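Input: structures, listed below.
Two complexes follow with chain A in common, the first pairing it with chain B and the second with chain C.
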Partner chain A sequence: MMKKLYSMLLFFCFALLTACNQTGSSTNLQELKDRDWSTIVEEANGSEVRLYMWGGDEGINEYIDDWLQPRLQEEFNMTLERVPMNTEEILQKLQTEKQADKQTGTIDIIWLNGENFKNAKDHELLAGSFTDQLPNFNKYYDNEDPAITTDFGTEVEGMEAPWGKVQFVFHYDRAKIDHPPQSFDELQQWIENNPQEFTYPAANDFTGNAFLRHLLYAKAEKPSAIYAQPFDQKQVSEAGDPMWTYLQSIQSDLWRSGEHYPNRLEELDQLYGEGEVSMTMGYNEARAESLIEEGVFPETTESFVMEPGSIGNTHFLSIPYNSPNKAGALVAINDMLSPEAQLEKLKPEVWGESSPINFDELSKSQKEQFESVDRGNSVLDQQELEETFLPEAEAEYVDWIEEEWMNELVQN
Partner chain B sequence: MNLYKIKPWLLILPALLFLILPAYGLWAAFSESIKDGSDVTLTYYHQLFTSERFLSSLWFSLYTSLTATLASMIIGIFITRSFAHFLTDSLPRLSVWLPMLFPHLVFAYVIILIFSETGWLAQMLTMIGVLESPGEFPILTRDNYGIGIILAYIAKEVPFVILMLFPVYNAIPPAYYDVVKTLGGSRMEQFKTVEWPQISTVVMEIFFILFAFTLTAYEVPAILGTNFPEMVSVLSYDWFYSGSWEDRPLAFAAMVTISLLITLMAFIGYMYVNRKRMRALRGRL
Partner chain C sequence: MKYKILFYIIAGLLFVSPVFVLLLQSITTPWRFQTAQEMNVQLKSFAVLWSDPNLWTATIGSIVIGAFVLLFNFLIGITAGKALALYSFKGRTLMEALLLAPLLIPVLAVAMGLHLLMIRIGLADTWIGVTLVHLVPTVPYSIKIFHHAYSQLGKPMIEQAQILGASERKQFLTVELPLLKNAIRSVTFLTIVISLSQYAITAIIGGGSVVTLPMVFFPFLDTANPSIMAAFSVWFAAPPLLMYILIEGLLSLLPYSQTPWRNRA
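The block that comes next holds the complex of A and B.
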């Protein structure tokens, strides 16, 4: 009797172990390459697509759940399921599945860019090149635009499709500041005159690091000396020295005398909302609108950019190597790139985010629709944003800044 | 096969099965921390123990979690022994345990709401005139001494200490106290001769649970900690997720080091308790 029980237990364990290791078959991207678009749409009919994405913004989530999901259901009879997860954790999940050689995963689409894309590409977590198969990509997007062909200095090679575009801006309270600083020198002067009223998130925060990259661009000979150059330890140290000097000189006049930097952007936003500091910043030119509406930011919040410009980046959609429904993923991504979906996304009450679409390819009425969207008072003019646009540098700069910032400013 | 021989193994089987997951995790972390391509290397451990960032972080973590654990235990013991007879009623007992329902994350935010420079306490003290402006309020959260972290853990762990100690206190016969009192013993003497022998093993157990937890938990220090020094958990998370994945072996090495430290301490504690038990068996307390 006992023996029987024991062997049953053993069997159960093995069953568990083997279940984890099951390998199934999922269509590979190469096979889909040879089929024409209508066959792919047919294959996607009635299927389920799982979109894993960062879920920290209600506006974005509602756009997916209330607008995109019903649309895909109606037009392609596809069920879109949004799964909220941090991008790093999504990649970790894929990496673990890769190590276990799991060929049929659960993720069909991921939303990513920058270092995450580089890691995913380097560790072969993506399905491969697919953008040239998407009718909307071929028709409406400029496939020679560096903002689309490179992602933080990494070659995209068709492995991810551009979904949106954001630009870095500073926010200030017009009730407290008449003329926001126009350059880092003016900012330094302003900080000196208004001690304890400025700070930036720590370098391991996404936004804090972007702030420091602006400073690095400003302290380099010219911004392109950074973003157009592959990362070189020695060269960057030269531009780095004046940057650390600048940061050390403003440190004692920062909020809490520079003894603590906000760990995350949310912490800085909170300080700004409470009036503890007079400026905040963010990597999305339109993000203040929803924060004003929610009452987190004062209504007198406005945006500004400084010399030498404002760094912008594109974010993308991609397909993991083990997506169980690659045809469905292609159809969904194609639709997310369509002018209708991009227009909806631009509306401030929905998401309020710029589109990487090529306006020259749009019809006259489409163009008018895009232009008629009022993005809100706190958002800078499209023209000003375009004129000050600076591309992102290679992802290695991010790591370098993070590490050096720790050594130069915090550990001392 | 002899049933008596395999019976103990059968009984321990569920526990062993349960251990597979953490043991595999620890093994995987260890092998990642010594892997350099296909070679075995100790560079990451060398890097770790020469890194000022890690060493400061280690001391800071040990200091913070030790302070939080000891403070929670002292307060917990005090409350349990003072109010043990009240706690037999279910209403007061439930109200003491109520905070255990909320996750650590909530406690971390509550501490921010109350103790931050613009928090309730600062505003309250300004209102009643103790402070002239909220700006005079000392920095108690995201500070260099881990005060915020310690406060959050104390608030959260005291109910746990009470939960663990209450049944033990409840089981001490009141007659024991009477004996000490009749012989003219002080309150301290009561604690030493009546309570301590009963609770010491549980106290040891609570210490290890709390210490191991506070040393390695992430969310409270992530919200209440500052940039430097940071808790080992926050540093490891940073190494694990930030940038290119090159720093990952460092995160694994740090976690393996902490695991070894906790295991070693638990082993010493176990030996101590065991020795006492052996002595008790032989009739020498």
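The block that comes next holds the complex of A and C.
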């Protein structure tokens, strides 16, 4: 009796195993190249587009779910589905699918930049060049701007479309600090006068590494000696030495006497929120706004940038090689690049992130709308941000800093 | 008696009070120490939680997948555990070592191979594929637990039932299952909790078509807002509790169970 039951169950399992094998393949991006935009829009009509993106910010999630989704539904009769997944897992999934030669995937749009883009491009996980097909990209974006044509030193070649732009800023509590430091030397002085009140995330953290890149820029002959140069081990060591000396000299005055560094930015943010340290930092000039509103950061939080400037980067949207709905992906990306979508994204109560759009191409009323958005007290004004903007260096610098930081600061 | 009190104190301190703090944090704004700031009650973190359109699909997805993973764990764990404990056959030690092997290799190390296999047999991006892959980190524990339980039960107990003329089915229902109750409880909790916390392999094998609770929850670990994290953690604890209560209910239907509606005389 029991045996019979088991064999039936086993059979059931195998029946399930062999069922639902999917076949078919997706349209090639090349085929869409020859069609004009209205045909592509027509093809996208009634389809489903699946957008895979990191989902850890409710402001961003709500922007997609409550604003973009209904808009695409109404204008193009398209269903946008947002799937929360970390970019590393998305790329691993695509990589394996590539290896198994799976031509019909599940992902239509991914959100990425930097090292992830480089990986995806090197392993041919992307559909190819598509930005010159997007009417909004051609009209509103400056396709010669290095912030759009390169991504952490990697040539974009039209394989990803710029969606947003962020700049690195430091945050401080106005109630505790009157005049924030203006340069790394002043910061050093401040740390010496206020021991235990400053720290930065470890070098393997995205933000911690960006902090160290600022220092590297500052200690180099001039910042462009780093970002305009391809990575060169020997050359970078020269700029590196004063950087390690600087870090070693401040170490004993850091939070917990520098014996422990926050592993991730979130830990530093929590320390700052609890009042343990007086400064934090982050790769988004407007990110303090929502944290203040949530009560995580004190209301007296403001931001500052230091000499020689603030590194900024662009993040992009791209289409995987095996997207089942490339026409839909093009239409959705085009819409996400539109001035209306970018304006909505800029509002602090929505996402508060600045736009890579070329303001010279906007109409007068559009420009006014962009300018009238009040980004909040904790955000530096646009002009200061633009004047201090520094581009990202090649992705190799990130690995080099991470490795050397371990040697120079942790093991000594 | 003295030890009992000590037990309650330690248990209260180490297990109950952290949960209480978690519950409190989930309904208050983030705490700032040494500022003499009072605690502000808020329900926004739960509002954020419930406003996520994926939350309910993810929760139900997690529970359904967890239930199937549990079912397969019972089937495989009880049969394999019984065989390993009560029958002697050639290569038993080798077999046991092989069955426990998945514990020694991190699932992530074989995730790519598993994904390739799933794509080939057409189970990638399906919930069946996810259920099967969740068996990898759970089944070894179940086998181990049931193996131990059957060893304790011992062969003579089963032989007794056989001598009295019980059919295999009756023997299983009236002798083995009631004595396996504790093992079943452990396996239930362990399996559900492990299955529920699989992020990477669920993401890769499920490919985003299968959305489970960690897929919604884990990205939020990157936020600095402790209230939202606490709210998520409270929500996260619900499926295992629910499943535990369900299994407890099913167990009370077994013969010889002490249930409120039965006389204990």
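Please note the rule applied: the second predicted complex is superposed on the first by the 389 of 412 C-alpha atoms of A that agree within 3 Å, B and C clash if a C-alpha of one lies under 4 Å from a C-alpha of the other, contacts with A are read in each partner's own complex, and residues count from 1 in each chain.
Quick note on the criterion: a contact is a pair of C-beta atoms (placed from the backbone, for glycine too) under 8 Å apart; a residue touches a chain by one contact, two chains touch by 3 or more.
All of these numbers come straight from a predicted model, not from anything done at the bench.
Visitor: Would you check which partner chain A:Q411 touches, where first means chain B only, second means chain C only, and both and neither mean what they say?
Guide: first
Visitor: With the two structures laid over each other on chain A, which partner does A:V398 touch: chain B (first), chain C (second), both, or neither?
Guide: After superposition on chain A, A:V398 lies in contact with chain B alone.
Visitor: Per the contact definition in the header, classify A:P230: touching chain B only (first), chain C only (second), both, or neither.
Guide: neither
Visitor: Once the shared chain is lined up, is A:L291 touching chain B (first), chain C (second), both, or neither of them?
Guide: Only chain C; A:L291 stays clear of chain B.
Visitor: In the superposed arrangement, which partner chain does A:N204 touch: chain B (first), chain C (second), both, or neither?
Guide: First partner only.
Visitor: With both structures superposed, pick whichever of chain B and chain C touches the larger number of chain A residues.
Guide: Chain A has more residues touched by C than by the other partner.
Visitor: Which holds for A:I107: it touches chain B only (first), chain C only (second), both, or neither?
Guide: A:I107 contacts chain C only, not chain B.
Visitor: Considering only the touch criterion stated at the top, classify A:R256 as touching first (chain B), second (chain C), both, or neither.
Guide: In the superposition, A:R256 touches chain B alone.
Visitor: I'd like to know which partner A:E274 touches here: chain B for first, chain C for second, both or neither.
Guide: A:E274 sits against chain B and chain C alike.
Visitor: Taking the stated contact definition, name every residue in chain A that is touched by chain B in one complex and by chain C in the other, in rising order.
Guide: Touching chain B in the first complex and chain C in the second, residues 2, 6, 9, 92, 274, 276 of chain A appear in both lists.
Visitor: Mind pulling up the chain A residues that touch chain B in the complex?
Guide: Within the complex, chain A contacts chain B at residues 2-3, 6, 9, 13, 88, 92, 115, 118-119, 122-123, 202, 204, 256, 259-261, 263, 274, 276, 395-396, 398-399, 402, 406, 410-411.
Visitor: Residues of chain C touching chain A in their complex?
Guide: Checking each residue of chain C against chain A gives 29-35, 40, 42, 44, 48, 51-54, 75, 79, 111-112, 115-116, 119-126, 128, 167-169, 172, 200, 203-204, 207-209, 211, 215-216, 218-228.
Visitor: Okay, in this complex, where on chain A does chain C touch?
Guide: 1-2, 6, 9, 16-22, 50, 52, 54-58, 61-62, 65, 82-86, 89, 92-93, 95-97, 99-100, 102, 105-107, 264-266, 269-270, 273-276, 291, 294-296, 298
Visitor: Could you please specify the touching residues of chain B with respect to chain A in the complex?
Guide: Residues in contact with chain A: 1, 3, 6-7, 10, 13, 17, 52-53, 56, 117-118, 139, 142-144, 222-223, 225-228, 238, 241-245.
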